[in-house]
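To start, the structure under review is shown below, and the notes come after it.
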Amino acid sequence: MSTPLLEARSLVKHYGSVEALRGASFEVSAGEVVSLIGDNGAGKSTFIKCLSGAEQPDSGEILLEGKQIHLDSPTTARSLGIETVYQDLAVAPDLDPAANLYLGREIKRKGILGALGMLDKAEMRRRATEEFGRLGVTLQSVEVPIGALSGGQRQSVAVARSVVWASKVVFMDEPTAALGVVQRERVLDVIRKVRDAGIGVVLISHNMPEVLSVSDRVEVLRLGKRVARFKAGEASLEDLVGAMTGALVQEDVS
Amino acid sequence: GGQVGQSGGSSGSSNADNKNLVLIPGVSAEPFYISMQCGVEAEAKAKGYTVKTQAPQKFNPSDQTPIVTGILANKPAAVLIAPTDDKAMAGPMKQLKDAGIKVIEVDTSLQDTSIAESSISSNNEQGGKLAADTLAKLVGDKKGSVLVLNTVAGTSTTDAREKGFKEEIAKYPNITYIGQQYTDNDAAQSAQKVTATLSSNPDLIGIFATNLNTGEGAATGLRTAGKTGQVNLVGFDASPKEVSDLKDGSFQALIAQDPATIGKDGVDQAVAALTGGSVTRNIATDLVSITKDNMDQQSKYFYKSSC
Amino acid sequence: MTTVSESVAPLEKQSFGRRLAGANTLWIALVLLALVVVFGIIDPGGILNLTNLQYLLIETSVLLVLSVGMTFVIITSGIDLSVGSVLVFSGITSALAMNALSGGDSTDAGWGVIIVGGVVALVSGAAWGVLNGLLIARAKIPALIVTLGSFGAALGAGELLTGGSDVRTMPTALARSLGSGTLLGGIPTMVVFAAVVAAIGAWLLSTTRFGRYTYAIGSNEVAAQRTGIGVTRHLVLVYVLSGVLSGLAGFMSLAYFTTTTLTSHSTDNLNAIAGVVLGGTSLFGGVGSVIGTVIGVFIPAVLNKGFTIIGVNVFWQPIAVAIVLVAAVWFDQVRRRARNQR
Amino acid sequence: MTTVSESVAPLEKQSFGRRLAGANTLWIALVLLALVVVFGIIDPGGILNLTNLQYLLIETSVLLVLSVGMTFVIITSGIDLSVGSVLVFSGITSALAMNALSGGDSTDAGWGVIIVGGVVALVSGAAWGVLNGLLIARAKIPALIVTLGSFGAALGAGELLTGGSDVRTMPTALARSLGSGTLLGGIPTMVVFAAVVAAIGAWLLSTTRFGRYTYAIGSNEVAAQRTGIGVTRHLVLVYVLSGVLSGLAGFMSLAYFTTTTLTSHSTDNLNAIAGVVLGGTSLFGGVGSVIGTVIGVFIPAVLNKGFTIIGVNVFWQPIAVAIVLVAAVWFDQVRRRARNQR
Amino acid sequence: MSTPLLEARSLVKHYGSVEALRGASFEVSAGEVVSLIGDNGAGKSTFIKCLSGAEQPDSGEILLEGKQIHLDSPTTARSLGIETVYQDLAVAPDLDPAANLYLGREIKRKGILGALGMLDKAEMRRRATEEFGRLGVTLQSVEVPIGALSGGQRQSVAVARSVVWASKVVFMDEPTAALGVVQRERVLDVIRKVRDAGIGVVLISHNMPEVLSVSDRVEVLRLGKRVARFKAGEASLEDLVGAMTGALVQEDVS
């Protein structure tokens, strides 16, 4: 493997007395789908939050294209081309789906009104409808606040947002958990397309068949540490479960 | 059970070397009390005393009480105070007396006359009466109604002014008193009450505003309605702003007290009480009605905004 | 695995009528209208009288300017208790500046001085806004504590500057133009100012990126942060907006009362908040509108005016206001709920 | 599919030291202590003097009683602006009742009359609490609007009863016992009352089902509803609690001031809210404690007293209070955050 | 089939202009696991909310053991023995896991203190730990507010709560969506145990293998209406997907 696109080395993160990460490492290359799996509470979401600037690790280092970076906020990460679908959906429940899709990346009107900060709501709504169509999201009305949508609809909006904007890496924390069968397939298709566009995709999922079907590699986290790595095709469902539960240990867990 | 302050009754050792006075006005940021403070400071300096002033943020006993009990710790020789309630302030002021501190009442006084050595004040009810007479003179024998703007229900000083006004205005058959409106001591509400009253009582010929804020609001209300000068506005007190409004015709008369003299007399009585001189139990100070015509003669009653 | 999408319900846009009926402000606007009508019936010459309406508008304009800023603050789920004191402080600095420029007495000062005075008022307000904003957004101190602190501190600072009594001289030209003058064929200048502020505020909130970020932060601050919105910066700006509008209100108030009305503004904060909440903005953030605020500010104003005009007993007035306020919101809620059911 | 559970991290209980350091109230308590020490150093005879501490406690006891009720209300994510007016109203009804029972002048009334007076105060407070609670919990009108309404209405109703002036006759026995008496070898009766209320409040909030429901509703009202908690009923009870405590505070205030102090309580609401928030209770509900409130109420009280004793200029006082308040909360935040990082 | 335990007939529910339910019917018998499946936004959660008292349908009727009932609040439903795991987790984020488990069903102390309303926190914590053990929930600390737990941990608490208290029917709206492999298996085991105790279980899930493995029957909702019913073993994955997407229509959809 050449230099990985994004690499994390020995991240540690405490919450009060809880040790969420105890020296976790990880890497993802461009054009690769890596699944990050692990038991509930293993530290996956915390890990992702550290890699996307939403939380700051207590120690450890993060490298983008070989250079050490300091992700002090999600804004920094986004400006580096890193997009994230958070498990605790980072949407504004009082805004409608189009507004959420474009949050932080609004389209302004042309000309002077745009310079004054005026939004082109019609254009955003139009494009949003397009994107939702692409992901098979079915909405009865685009004018309701997203808080009133069904769980799956809400999740689809979050997924759409990340794939629309990513240029280097997309983190997806259980993006398909609430999705229907059709929407789930669509999202997996999108993940493949994004990968083919040369973007690194990191997927967190508890659905092992899904993990096996879409990943190029699988990394396993357990009690805040990476305990195993598998290449696609090399791992069986039993291996994955064994690694997650601690029955199988591959890496050095001191 | 015992009583609070019983144990800590630090003996009434009124030290003759103690030259510290404290002034506790009724409220901070009020030209009346600032002028009083000027009078107190000038006289104290002349007599070789020092004064500290501690004023409550609001004219009420729950803001004033902690100041009184806090002052206890400083053990001044005497305290000049404008009690904000003639009953509620008795308890804390008694603590002053019990600690051997001489208490002088300025501007207002307690019902309980056993606490203070001396009370110097102008009579607010009298001031209200004077306002009524002044207003009656201004309107002459025109018929019409008059309004009183009060601050917050339960404020002893302004309530007394309204009471005096109400009693006195009844003597003028051409004038109908349509009652008072409360303004929360807020100029904006006062202005609003004036324009609304003008609409319901188009025959309004006079307004008595019981203090500074109500007066300023009333002047604004009349200006908004274009009735400045047509409706006679009588204010209370003579702050620099009110005086200049009198000059430019926004007010037709002011009922002024003499805060500087109240302050000066307060210090004199305190010093007398401390040095064993003769103390006068009650001193009444002047109340005057100032109009544009007599304002030059009465200029000594104008309040100061700084000493 | 088959793909389907034909039968997907279309992304319908709501009809205009439905949007209107659905508008959060419709019912409360009806309440306001009903109030005016009721007072008009009780006392035909009273509130419906054009002059009275004009007075009502003038007397409400200062509060309205404060409330527009407060709307933004509350939509971010913040609060600004300092508005009244910042108003006073700005009025004082402005008056002092104008006096200083005129050699101590600005009574006859010209427009140059007045404009400087206006700028000083806005800048003073902005300064308090920056202070509030930084403490709230950067130091993460609860807005209630910060602005309760600046509520006391701004007034204290103002009193320090003047020694505790009102500044008594200010330009006559200012009082005659902004304070009691009219524009555009008879509309009071105060009202024009307030209307312009409300219009710009409504535009800013509902159509611009600034407005959208305001909603987003109030709706879910963490989400806003994660989508890359500069939450700290935006919050500071919102408090600055509130501060600047308090400064403008201070300047207007100075022109209107021709003095700094030091001790008159201790309940402006609650009045503004009440107007905003009456207008349908949630104290928990994320929802609200400037139009709602305009209506919400006028309801108590109409009530107070109306009750004084029809001569309700002074002690009954706050009781009557309370009853109508509660009833108005209750009506609004019931209607909105009914709409949502259907 | 294998099962594992040996290596599962144990459900550890935190050590006492850690719990203490983690307690939300520790740091703010340290701030209070620091204030006392600083004032003690500046003026050794001042605040540390026993008599002064006694006065401080007495003068804060009425506000403390209000703030205990406010703590419950705010933890449900509500607000009660009416407390000060309900206090006044209850004092008035109580005083009027005692006078009526004594043929017009209760000055020499005995314990029977006084006890009836106490009950009347509590019942009056409770009545406003029921009204507030029903409008908020059942009619779902925002608490801010409802209690702003009753803030005006309760005072108006009180003034109606007395014609706008204070009731000035009340039993001397009440003033000498509750108002200025001491109990248990020198502890002021007012302080004993407040301490008992705070202790019961703390117990109720932190150990009983009532307290738990209070947190649950504030944390997530929908969730509380869905788990079968009678949210409406509980909210009404919380506002009744606040009302009853306001009634008690009214009775205490009556005993202390020996008059109904109509004008003294317009900012009690903000003072109580500030104490509660300073003490670490969130305005958004779900978290908070009575102990925190006790500390939070004393911080401004100590500041005001201390500044008076050391003689700070009146206009500087609110500025100094603001600075200390903000600094205290900021210190508290920084410490808590540091603890969470570790 | 004898009288079903719980039956819904032609429920209709509007949200403003959105028609979430357009005449949906449904039944579940005692000792039966029925899965309710359907596309995102099909109305499943709305349906469950109506059947558990969290929302009131605009029209239609609900029968428990053949008798019509009116579920005006979740409290009513709970008192009738109906427990629910909501998709938008109905937990109090500021309370700890044990407090959430016992919310609305607190254990009080013995004697006078209990009569005064004082809680037996130690006992609740002890029993909660037991229940969590049974479901394989791994928590690093029981003293953190539930809002700080991982997504799966939070979900496990909600599931535990419903199965502890149910006496007639349990509704579970995507209970396993956020769960790890081990926890998911545990929950499915628990579902079977609950069923064997004679309780009716209604499961909503987008995971078809899971649905097929645990259900006695499957009902399919589409655009707010029931469009198909299957017995266990009779349905293939293709049938289910066909019914959800509208390719296969069994019931009369007017």
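Going by the order they are written in, the chains are A, B, C, D and E; count residues from 1 in each one.
The rule is simple: contacts are C-beta pairs under 8 Å (C-beta built on N, C-alpha and C of every residue); 3 or more make two chains touch, one makes a residue touch a chain.
Just so it is clear, the model here is predicted, and its values are computed rather than measured.
Colleague: If you check the contacts of chain A and chain D, which chains show up for both?
Modeller: Both chain A and chain D are touched by C, E, going by the contact rule given at the top.
Colleague: Can you tell me which chain lies farthest from chain E, using the average of the Cα atoms as each chain's centre?
Modeller: B
Colleague: Just grab the chain with the largest centre-to-centre distance to chain A, centres being mean Cα coordinates.
Modeller: It is B whose centre lies farthest from that of chain A.
Colleague: Just how far, in Å, is the C-alpha centre of chain E from the one of chain B?
Modeller: 71
Colleague: Taking the mean of the CA coordinates per chain, how far is chain A from chain E in Å?
Modeller: Result: the chain centres lie 28 Å from each other.
Colleague: Quick one: chain A and chain C, Cα centre-to-centre, how many Å?
Modeller: A distance of 41 Å separates the two centres.
Colleague: Distance-wise, how many Å sit between the C-alpha centres of chain C and chain E, to the nearest whole number?
Modeller: 46
Colleague: If a residue has to touch 2 or more other chains to count, which residues of chain C qualify?
Modeller: Each of 1, 3-4, 9, 12, 14, 159, 164, 266-267, 314-315 in chain C touches at least two other chains.
Colleague: Please output the residue numbers of chain A that touch at least 2 other chains, ranges allowed.
Modeller: 15-17, 138-141, 181-182, 241, 245
Colleague: Considering chain B alone, which of its residues make contact with at least two other chains?
Modeller: 28-29, 153, 182
Colleague: Using the touch definition from the top, list the residues of chain B that touch chain C in their complex.
Modeller: Those residues of chain B that touch chain C are 28-31, 34, 153, 179-182, 184-189, 191-193, 195-197, 199-200, 213, 216-217, 219-220, 223-225, 239-241, 244-245, 305-306.
Colleague: Residues of chain D touching chain B in their complex?
Modeller: 43, 45-47, 49-52, 54-56, 58-59, 62, 159, 164-166, 168, 176-177, 179-183, 186, 188-189, 253, 256-267, 301, 304-305, 308-309, 311, 314-315, 318
Colleague: Residue numbers of chain A touching chain C in their complex, please.
Modeller: Going through chain A, the ones touching chain C are 52, 54, 73-75, 78-79, 84, 86, 89-95, 99, 103-106, 108, 116-119, 121, 129, 133, 136, 138-143, 161, 181-182, 185.
Colleague: Give the list of chain C residues in touch with chain D in this complex.
Modeller: Counting only chain C, the residues touching chain D are 77, 79, 81, 135, 139-142, 144-146, 148-150, 152-153, 155-157, 159-160, 164, 266-267, 270, 273-274, 277-278, 282-284, 313-319, 321-323, 325-326, 329-330, 333.
Colleague: Which chain A residues qualify as touching chain E in the complex?
Modeller: 15-19, 38-42, 44-45, 87-88, 137-141, 144, 148-153, 156, 174, 177-184, 206-209, 240-241, 244-245
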